[in-house]
Amino acid sequence: MHLFWIDFGTGLATAAVVALAATGLTLQFGITNYINFAYGDFMGLGALLTFALNNQAFHLNFWIAAPIAAILVGVFAVIANQLLLAPFARRFSNPALTMIVTFGLSLFMANVATVIWTGNTLFFRMPISVDKKVGPFLWSPDVMIVMGFAVLVMVMIHLLLKTTRLGKMMRALSDNTSLALTSGIDVRQITNVTWFMSGLLAGLGGIALAVEEANLTVTSAESYLFVIFAAVILGGIGSVYGAMLGALAIGLLTETAPLYINAGYKLDVGFFIVIVLLLFRPQGLVPRLGRS
Amino acid sequence: MSAFFLFFMTMVFYVIVFWIASLGLDLVWSRTGIPLFAYYLYVAVGAYLTGLFSLPHVPLQNGVGNLFGFNLPGLLALPLAAVVTGLFAMFVGAVFMRRLRTDYLAVVMVAVALVIWDFSQNDITLVSGNTGLTNIPLPLAGVLHININQWTYLYTGVAFVWALALWWIMKTVSNSPTGRVFRAIRDDSVVAATIGKNVYRYQILSMGIGGFYAAIAGGFLAQLATSWNPSSWAPFEVFNVFTMVIVGGVGSNLGMLVGAALLQVLFIQGPTYVASNYLHSPTFETLAAAAIGVLMWLSLWFRPQGAVPERLKSTAWYLGREPALQETINPDLTVEERA
Amino acid sequence: MTTQPTTPILSTRELRKSFLGVTAVNGATFDVPRNLITALIGPNGAGKTTVVSLISGQIKADSGQVTIDGADVSGWPAHRISQQGLMRTFQLSRELGGMTVLENLMVSARRQTGENLVNVFLRPGAVKKEEAALAARALEILNRYGLYHLRDSRAQALSGGQKKLLEISRAVIADPKILLLDEPMAGVNPALIEKIGEYIIDLRDGGMSILMIEHNLGIVEKICDNVVVLAEGRTLATGKMSELRENEDVVRAYLGEVINADNGR
């Protein structure tokens, strides 16, 4: 039972990571009809840029480097969409082709990152953070900051979507692109904002993952891609609150699973959920995909 | 000289093997319209099965062993593995094509490949986990008493004969009424059903043939390396095969050879050779891998039909002669409809 | 035309279908007699296209029954219904864009030996002979419909009117017992409308039974033997055009007034 609660605590921490990334991915799904296989690399880029600012150039304090890196990922996402993904999606009606293009983007980013950052394990330059007992859980102060931050971000996204004009326009665009087109919304601008937010959240998710695992490699975020998918699909693609709930479920499931199954299959819990959900509940949970 | 020649022959071997692999993916994806992102899974299954069929049974000990082994000659193990993989591919197709629309199918296929990849890493009872299969025998080498270099030359020839046969089969299939049904499904599966074709059955058939081709390619890779393990492949390597298909020319059998050659020579085997023999650093190789992504984007954008475009079959081709009918164009019909 | 008192070639009973709460078809019930041209008319959104898709199996009905030539085909998949001798065309033409015009016809033919891979490899001679004969037949049909000169073009390159003709020829080569046409004349020039009308009459005279959706009542009056009126997903009336002109419900439906549920039938 004791072990269970420790893993449960780790699950909450993972849920924070997944929630950040899944919220970003679901925002992106809202305005595209294809699946972005490079999203895991967007996450990795956040952590790697933080590492660069923190250890390689400028030697910024981690907590300053991290938000700058996340913003840079947001900018990168906008550029990647404008220069690459959007033109292909416009030209080829078959979403499978655009998915292959994102596949290529993933391969491109991963290999370029390997050239720049090598395949070695990297560590942020920050004080070692020792696990502390908090109730039945075992968390390091850094992880607790990440969790608190994730909750804060979720509240901010809620406020953005529900109370601001920008948020209303983002929701309108995500609900119905053609309707938004005719109702005077600047689609181009809102699309850019959405991609920026999505990249920003991916970056934050990637950084949070590196903090939680206390290290990073160029590929560590990539393997979380399907865990993020699972959270998004579980919550209903395009639904921000669904993604948050999905993240909680997935975080807890993946981290407590090793108590019952081989730890090597931890992430497969996510893959499995993707397969089973898409097979048996695609219409209810994924109403937006495949819109033309 | 001889080292270079060996490298050259090995590269030719890879070109041939990936020609076979892209022929299979081309059938499933470009000619039937199924985004089979799990294609590399079948390459791996074919490799594992070829190994298992040609190795003896090794009982599990210290985390190494294989569940079964048939000790068959390698030349026989290969097609047998391909048939079993084809059946496996049909089974996977039957399960997933039944319920899923193509865009979900793409995601699910990747997830399935990832799950099985993880399984191959973690499960030691079936194929020794990360150790994988080792000492896969070189077919014919023992019988003919030849060394590894001679074997490479010989087996490149064997692979070429296989490739020619598979190319002829693919050509025959795609030129046949069955191939025409595949293309109808690719263009519009609703119409295909409307004109009375059992879309589901043909999709499964296409996946089975694709699985067979993938497995032949995988079996050759395993035999060349004499081993196969989870680091020999990754589900995402399917992207390279997609790129070969796109660059070569979707729907073109000879285009697949061009695509495979271009990628293997300029972006995969070539850079690996240069990196390890001259540059002594893997950076060049990694950059070449990144460049495959760029190649695919440029190719899809500027030449979506590929290097060797799909050839349409003319009336004369079908009739076996020029049509004799005198056309009677109705002048009314050349007028176009109102805007 | 005298109508034989035989069983209808096609009949629907109480067909129902709703999409996410929107009821598109709400109890459509009608018969299509043999060897006649029956029009399916009704205001925009009446559910005509949906009825055709329910009959041909592209969409599964929530409930109701479809009978083709005496066989109950309710719930059958589209390809089996098609094999039963039913062909349809689409309101927005759906050509097989990557294939040639000739291939669009050839692929549509029934019972091809070469559609089984075993035959492709074991009986190549038979397949080849059949292909040549099929190509010749396809060319004849293309010639009949004025598409002969386009035989080797990719179907996606055709104009709207040509695509309409292609859909009709693709259905004809399968020699169906019943042909469903969804607005075969919409968006084409008047000369072509005239031609298509003649083609349809020729098909009927050749023994085919036809159900066609058509908005233009002038055309309906001219070429259709029988009319089914659909409004708000249910059958409002059936009969000859001349009789229906007297029917107040029908007139009202066409004037676009909301039909009171009690007024149905």
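In order of appearance the chains are A, B and C, and numbering begins at 1 in each one.
Just so we're on the same page, a residue touches a chain if its C-beta (ideal position, glycine included) is under 8 Å from a C-beta of that chain, and two chains touch if they have at least 3 such contacts.
Bear in mind the structure is a predicted one, so any value in this text is a computation, not a measurement.
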{"item": "Topology of the chain contact graph, where touching chains are joined (line, ring, star, complete, other)", "value": "line"}
{"item": "Chain whose mean Cα position lies farthest from subunit C", "value": "A"}
{"item": "Two chains sharing the most C-beta contacts", "value": "B-C"}
{"item": "Whole-Å gap separating subunit A and subunit C, where each centre is the average of the chain's CA atoms", "value": "49"}
{"item": "Subunit B-subunit C separation of Cα centroids, rounded to whole Å", "value": "41"}
{"item": "Between subunit B and subunit A, distance of the C-alpha-averaged centres to the nearest whole Å", "value": "32"}
{"item": "Interfacial residue positions of subunit C with respect to subunit B in the complex", "value": "56-58, 77-79, 82-83, 87-88, 90, 94-100, 102-103, 106-108, 110, 112-117, 120-121, 127-128, 131-132, 134-136, 139-140, 143, 146, 148-149, 151-152, 154, 159-162, 165, 170, 174, 187-189, 191-192, 194-195"}
{"item": "Partner subunit B, residues of subunit A touching it in the complex", "value": "33-35, 37, 84, 87-88, 91-92, 95-97, 99-101, 103-108, 110-112, 114-115, 226, 229, 262, 264-265, 267-268, 271-272, 274-275, 278-280, 282, 286, 289-290"}
{"item": "Contact set on subunit B toward subunit A in their complex", "value": "29, 35, 37, 96, 99-104, 106-108, 110-112, 114-115, 118-119, 121-122, 236, 239, 242-243, 246, 283, 286-287, 289-290, 292-294, 296-297, 300-301, 304"}
{"item": "Contact footprint of subunit C on subunit B as seen in their complex", "value": "172-173, 176-178, 180-181, 183-184, 186-188, 190-199, 205, 310, 312-315, 318-320, 323, 325, 327-330, 332-333, 335-338"}
